[in-house]
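This structure is in structure tokens; I'll ask about it shortly.
Here the chain labels run A, B, C and D in written order, and each chain numbers its own residues starting at 1.
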Amino acid sequence: MFPWTDGFHWTPTHIIFLSLFGAALLAILSTAVWGLWNTLNAFRKHLAAATCWRQNFGELPATERRCRHELAGRVPSRLCDHAFDCRTCPNYEKLAALPANAPASLAGVSYSDDLLYHRGHTWVRSDWDGTFAVGLDPFAQHLVGSPDAVQLPEICEEVESEGVAWTMVKNGHKIRVRAPLAGTVISTGGPDRDFYLKILPHGQPNLRHLLKGPEVAGWLAAEVVRLQMQMSNGKTTLADGGTLMPDLMDNEPGADWDAVLESTFIDR
Amino acid sequence: MKFSRRDLLIGTAGVTAGIVFTPVPWKLLGDVSIWSQNWSWIPQPAHGPVETTLSPCTLCAAGCGMRVRMAAGFPVGISGVANHPLTKGALCTLGYAAHQLNWHPARLLRVRHSGRASSWPEAQAAFAAACAEGPIAVMDGRPGRAASVALETFAAKHNGSYQTVPGPETQALAPYAAWSGVPASTLGYDLENARTIVSFGAPLLDGWGTPGRFTRLWSARAAGQSDPQLRLIQIEPVLSHTAARAWRWLAVREGTQGALAAALARVLVEEHLVKAQGPLPEMTLEQAAVQAGLPIAEIRDLAHAMVEHGPTVVITSDGDPAVAALNVLLGAVGTPGGIILKSKVIPRHGAASTAPAKFRATVIDASVPWDLIPPAQGEVFRFATWDGGDSKADWLLPSPGFLEELTDIPTAPTSATETYAIATDLLAQPQETQTAAQFLRKIDASLPDVDKSIHARCEQIFQARLGTIYAGQSKPVAQFESAAKLEEQLRKGGVWLSEPPRNATLHCALKIWPAAAATAPAAPTDWTSTWAPPVLPPLAAKLYQESTVREAPARRLA
Amino acid sequence: MSETALIDRRWIARDAERASTARFLLWLFPWVCLLLLGIYAAGLCFYYGLNQTNMDNRFAFGMWIFLDLSIIAMGAGAFFTGFLVYILKQTDLKPVLNTAVVVGLTCYSGAVAVLMVDVGQPLRAWFTFWYPNTHSMLTEVTFCISCYLLVLILEYIPVLVQNRQLRRVPSFLVFEHQAHKLVPVLAGVGAFLSFFHQGSLGGLYGVLRGRPFAYRQGFAIWPSTFFLFILSAIAVGPSFLMLVVAAAEKITGQTLVDFRVYRKLGFISGVLLAIYVAAKAIDTYVWLNVTSPRLGFGPWDYYSYWPFSSTFLFAATVPLGLLPAILFIVPRTARHRGLLLLAAALTCCGVLLNRFVMTVQTLALPTLPFDPFLKYIPSWQEVATFGGVLAYGVIVYSLSYRYLPMFEATKGEAKNVSLD
Amino acid sequence: MSARYGMVIDLDRCTGCGACMIACASENNVPPAAPRATWRTGITPMLVHTLSNGKEGVDRREAFIPIACMQCEHETPCVSVCPQQAVELDKSTGIVMQMPQRCLGCRYCMTACPYHARYFNWWDPQWPPGMEHSLNPGVSVRMRGVVEKCNMCHARYHDALQKAAAAGKKKIDLADYVPACVEACPTGAIAFGNLADPNDPVTMAAKSPDAFRLLESIGTEPKIHYKTTQAWIRALADRNSGRPTEAQHV
């Protein structure tokens, strides 16, 4: 069949056989290579985080995919089908114009109207110098308390929207915090400062996907309910009086923290 | 820089992928398969030039002509010698693997005393002591060899007895020897001139006599023809290979061959199918037929078939005189196509030595079949090349193996002419071994040396000026200028064939019909019965284990 | 919960209901034992050689080849479901696609593993790629099986990286995303290879001129068995898939797929089976009356040896061929889950019987006029090696079921999200 | 012109002695039987089968038939099935050659062979210690796990070729090339010759009305011919179907 075999000569059978299997093998290998190449490319073009996020979003249960407008009480029930990326949502304008009806009780979790909130429990603050400060929201702070270790990105490192902004370790649990926006890290803070990262985005960022105002109230209220559900699964109760206990992870070590952290930081 | 687990994983994956593009895995793949072609535990044949030598086979008395291919000093292949006057290029079945026998696992290479390892000096000392104390018996399985002279001389000198153990073919001729008064060793079958051969269980196509002689004859004159020139009638209880190929097969009841012979004799005489008038067996035809389990018509038919296509000769597998007498009746003794007398150029020493009743020790030569159970009394010194198992001897003494010993081959038992051949020691005799003759010469240095005896025999052939030497091409003895030249030819694998004796007559007369021998040895029935060594070459398993053409031998080591 | 159970839980999809770690380990234990026994038996065959088997010069192919042919036919569900979903757009079969991939992968890789034990010199197996003989059906089989195994691995990787922990590695997830786009291509190539492969397995015996019991005439270089094997494989593939899913449902006590999927699989099986039985009948008729007599063999003599009487022929055609086909197609019977599963089991038995007849009976029958009829009983090493493959299949499927999204139902309701 | 070596085996002359089997095994360095080997796992490139007329008692007739590779000329079953070209039909001799070094031991060729003339090395080839000195230097020993068969004593063909080349001749002298079984047969039942030569006695014998081939109807043109004058053997051989016979495999 091949020229290195004794007494070799070409026949039509050889040609048909070789071309058929050559084609099949080529198809298989090029598929594999194409897949790998695209994967590499996605990383190179900083599309990987978005892709991963979309993949993960697809796996979220319905309760965790509620539209911000539902949370804000603008519509009775609506599931997000744009991976929480309202920048590409065609219905955003129309829905955002509706009157909001946010719940009042937030179980002692405060939020600021000046900040923008990400579903991964980070806030974003627009600073005077064009940079954006990013920090952990009070809900997450209640949960984590003071982390055992924090690994922040290096200065000048690029973070991607929905990519990993920084990681924390608490009681052996590794927590990956999603970045609310893309850009270059120009300064790092930490649990002891009022921010974790300062990010300089490339150009004027569109931050429509971040929650604000009544949406945050609705969202946090839903999150508290979710947390309560998850904690009660583990036969623990939150502190009565409706206020979220601080340092929950330290105080309730028996809870299913894997599940809670996954839901909280949308990191499945 | 810190290495995380992730870096390690990526690195490993990268290296794995990278290795595929290096020659390493491919070279390894090739090397591994080349290794599978050269496994060190697979024996590799020696390399070297192959030389071809001629030699007679020494495994049994037939002395077939062998073409031995030697490489690196060892025999690597055996085939027949196409123009050999006796064997016509054929050997017995197992002879084609005879060159493997020297490495048979049962090969004896150590002196054993009562089952324990011993040494030659101890055996020597024990034997010397025995010689000093009493008479010695010496047993020889293949009398008439140069070595036999030494054995016989020793026995004579030491007030002992020289006993021979005849093979089945010699035994089958014993009745005629007894009736005619000539030694059985000088009798033979004139098969070439016979036209009907009635075999009473003799494995004629299965290694009987000198195998090639009869198989070639049968093949040329008898095979497959409905009315062959040579009619082979096989009388045997089972459908043996010979029976399967015979012109006719008569299934006689086991152990009633004598009765059938008696019935045949009655028909032959009563229906005047033969000239002879008697003697007649006591048994009537009816009685005999009932005993043999055959219809009378069939016996009568057989008797007619025996005589209608003469000359006819009856061959028995054992020396049952009741069957042998048929030949006398048929007039097949001393006539062409029957049992004839051979020349006697090489004289045999007188075998009759006075035998004392008791022996202090018995020496058994390696030529004695392993089946022979040594005498219970006295100390037994048994020489053997292979341990046939279940040894009854006190001393088991290793003998040289196949082609490791200088020996001569006197006339084969069934041969029609006197023959002589010399097998030289193509392989060096192992130091651990001694022949019986060598052993005895250490006690008595005056015993004749084998080498010298062979010289003497060649001289006798040269002096007789009879016959022809066949070695490549034939050359009458009369044309040799010296005995040394003649010996040289014989030592190169030639064979001497004598001429029929002039004016020799052989006459047998029976007064009464002989009774069946009471102690007639059981006829050999196994396909290995004509194979002399106590072991089979390992390749023999092809016949009975790896195929079904033969049954597993019952009594021998595989 | 113990530490192990906690770690175990971390690898299971968050909202999936799975048996406790202890129960799962208890379930795995006998299979792991069987697998270890199989590995030991295979090791004996590698170390001492194939004398450990009861195969011989006359039964040169034994139980392994019979079961290889069988499990590869059963594994046909993989390529055929892929073909139906991606090429013929039968998207309602999607819920069983992952199961099909895992079943196919275990069947094919198991068959390759057994083949490696089955050959006398596995170290030289790659010679087939270096000195291939294009006229040999076995070359075709080797090329197809290795290429298709590649395809199955490529199809399995996207399923694998959907594991809860593995998907945390961004590159895996991105690769899965990319691979998903290519699955139709793979399904196409896989279908081509696998059609060819099933066919050449049929051709393996069909070309044996020296074995008139197996020899068939055919089209171009392919004997009729080439096409019959393809047909029977795609007929039995969905049936076997159905049985696997039903077994998974029974063992886990969960409803994993909608009954409509069963019916659809059954219907496909039934139609193909009906076509197969018809084709097989014609083929047998031609063989008995033309092919075999032309080779000098009186065809009915093949059936004169116990236990290979003509009831085998009948059994393969009617109770194990026509009957399940009817059960699958007639709506009244197809409504019953029990009857559907019975039909699937009968179909599998029918194909098993067919493969048995083609491999074992062919070799048992005499060819030379003085040949005896031969018997062969596999040695424990042969049985154990195969048992190992079976255990391997069960273990891989169990692990896949536990840690990977095998059925869309277990993924929660997140189904119709547009990802781009 | 290329040769077509073949044989005509006279079944009337075959005594079933097995000398051909022993000579073949010795010439080709076939190992002795492994302890557990049977007639179904042994290696007998030349194998004598027992034929019978199926009757018992005094009416029983037996004959013997040596079976070696038939060297099929047309659509050689083993050549076409070997996945890696370890078997090929030598165009210059007509001999089907087996290359054990390339064989992977899949045994597909064995299932393909209607004559069961192919043998698998189920065991490592082993001889008693020292017996490797008695191996034929012209033939290498096959390793475990590969298939082997009769190659008409190719080493002897090779020697004959070398001899012819040394004498400046292109064609070998057929007297120099005699396979071991042919040489060993004590009744000369096996005749070996060049079937492509119309004047070769073997070619003529193959054309005699008494001559036949086994499973001729399969159409593989085997180059081993048989002949017999005995009607029952001929009738048995011509019966190509797989009817029950009483062949002796006891």
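We adopt the following convention: contacts are C-beta pairs under 8 Å (C-beta built on N, C-alpha and C of every residue); 3 or more make two chains touch, one makes a residue touch a chain.
Predicted model, so just to flag it, every value in this text is computed and none were measured.
The most centrally placed chain, judged by C-alpha centroids, is D.
Across B-C and C-D, the chain pair carrying more C-beta contacts is C-D. Ranking all chains by how far their C-alpha centres lie from the centre of subunit A, first place goes to B.
Annotation: 76 Å between the Cα-based centres of subunit A and subunit D. Rounded to a whole number, the gap between the C-alpha centres of subunit A and subunit B is 96 angstrom. Subunit B and subunit C, compared by their mean Cα positions, are separated by 62 Å.
Subunit C and subunit D have Cα centroids lying 39 Å from one another.
Of all residues in subunit C, those that touch two or more other chains are 121, 124, 127, 130-133, 135, 139. Across the assembly, subunit B contributes residues 36 that each touch 2 or more other chains.
Each of the following residues of subunit D touches two or more other chains: 38, 41-42, 49, 85, 124, 143-144, 249. Interface residues of subunit A facing subunit C in the complex, by the touch rule stated above, are 1-2, 4-5, 11, 13-14, 17, 20-21, 24-25, 27-28, 31-32, 34-36, 38-39, 42-43, 48-49, 51-52, 54-62, 65, 81, 83, 163, 258-259, 262, 267-268.
Residues 6, 29, 32-33, 35-36 of subunit B are the ones that touch subunit C when the two sit in their complex.
Residues 34, 36, 38, 40-42, 49, 51, 65, 67, 75, 77, 80-86, 102-108, 110-116, 118-124, 143-147, 214-220, 236-245, 247, 249 of subunit D are the ones that touch subunit C when the two sit in their complex.
By the touch criterion stated above, subunit C contacts subunit D in their complex at residues 49-51, 55-61, 118-122, 124-125, 127-128, 130-133, 135-139, 141-142, 204-205, 207-213, 294-298, 301-302, 304-305, 362-363, 365-374. Of all residues in subunit B, only 36-37, 39, 41-48, 50, 69, 71-72, 74-80, 89-94, 96-97, 99-100, 102-105, 205-207, 211-212, 215-216, 218-219, 223-226, 239, 241-242, 244-245, 249, 251, 537-543, 545-550 touch subunit D in the complex they form.
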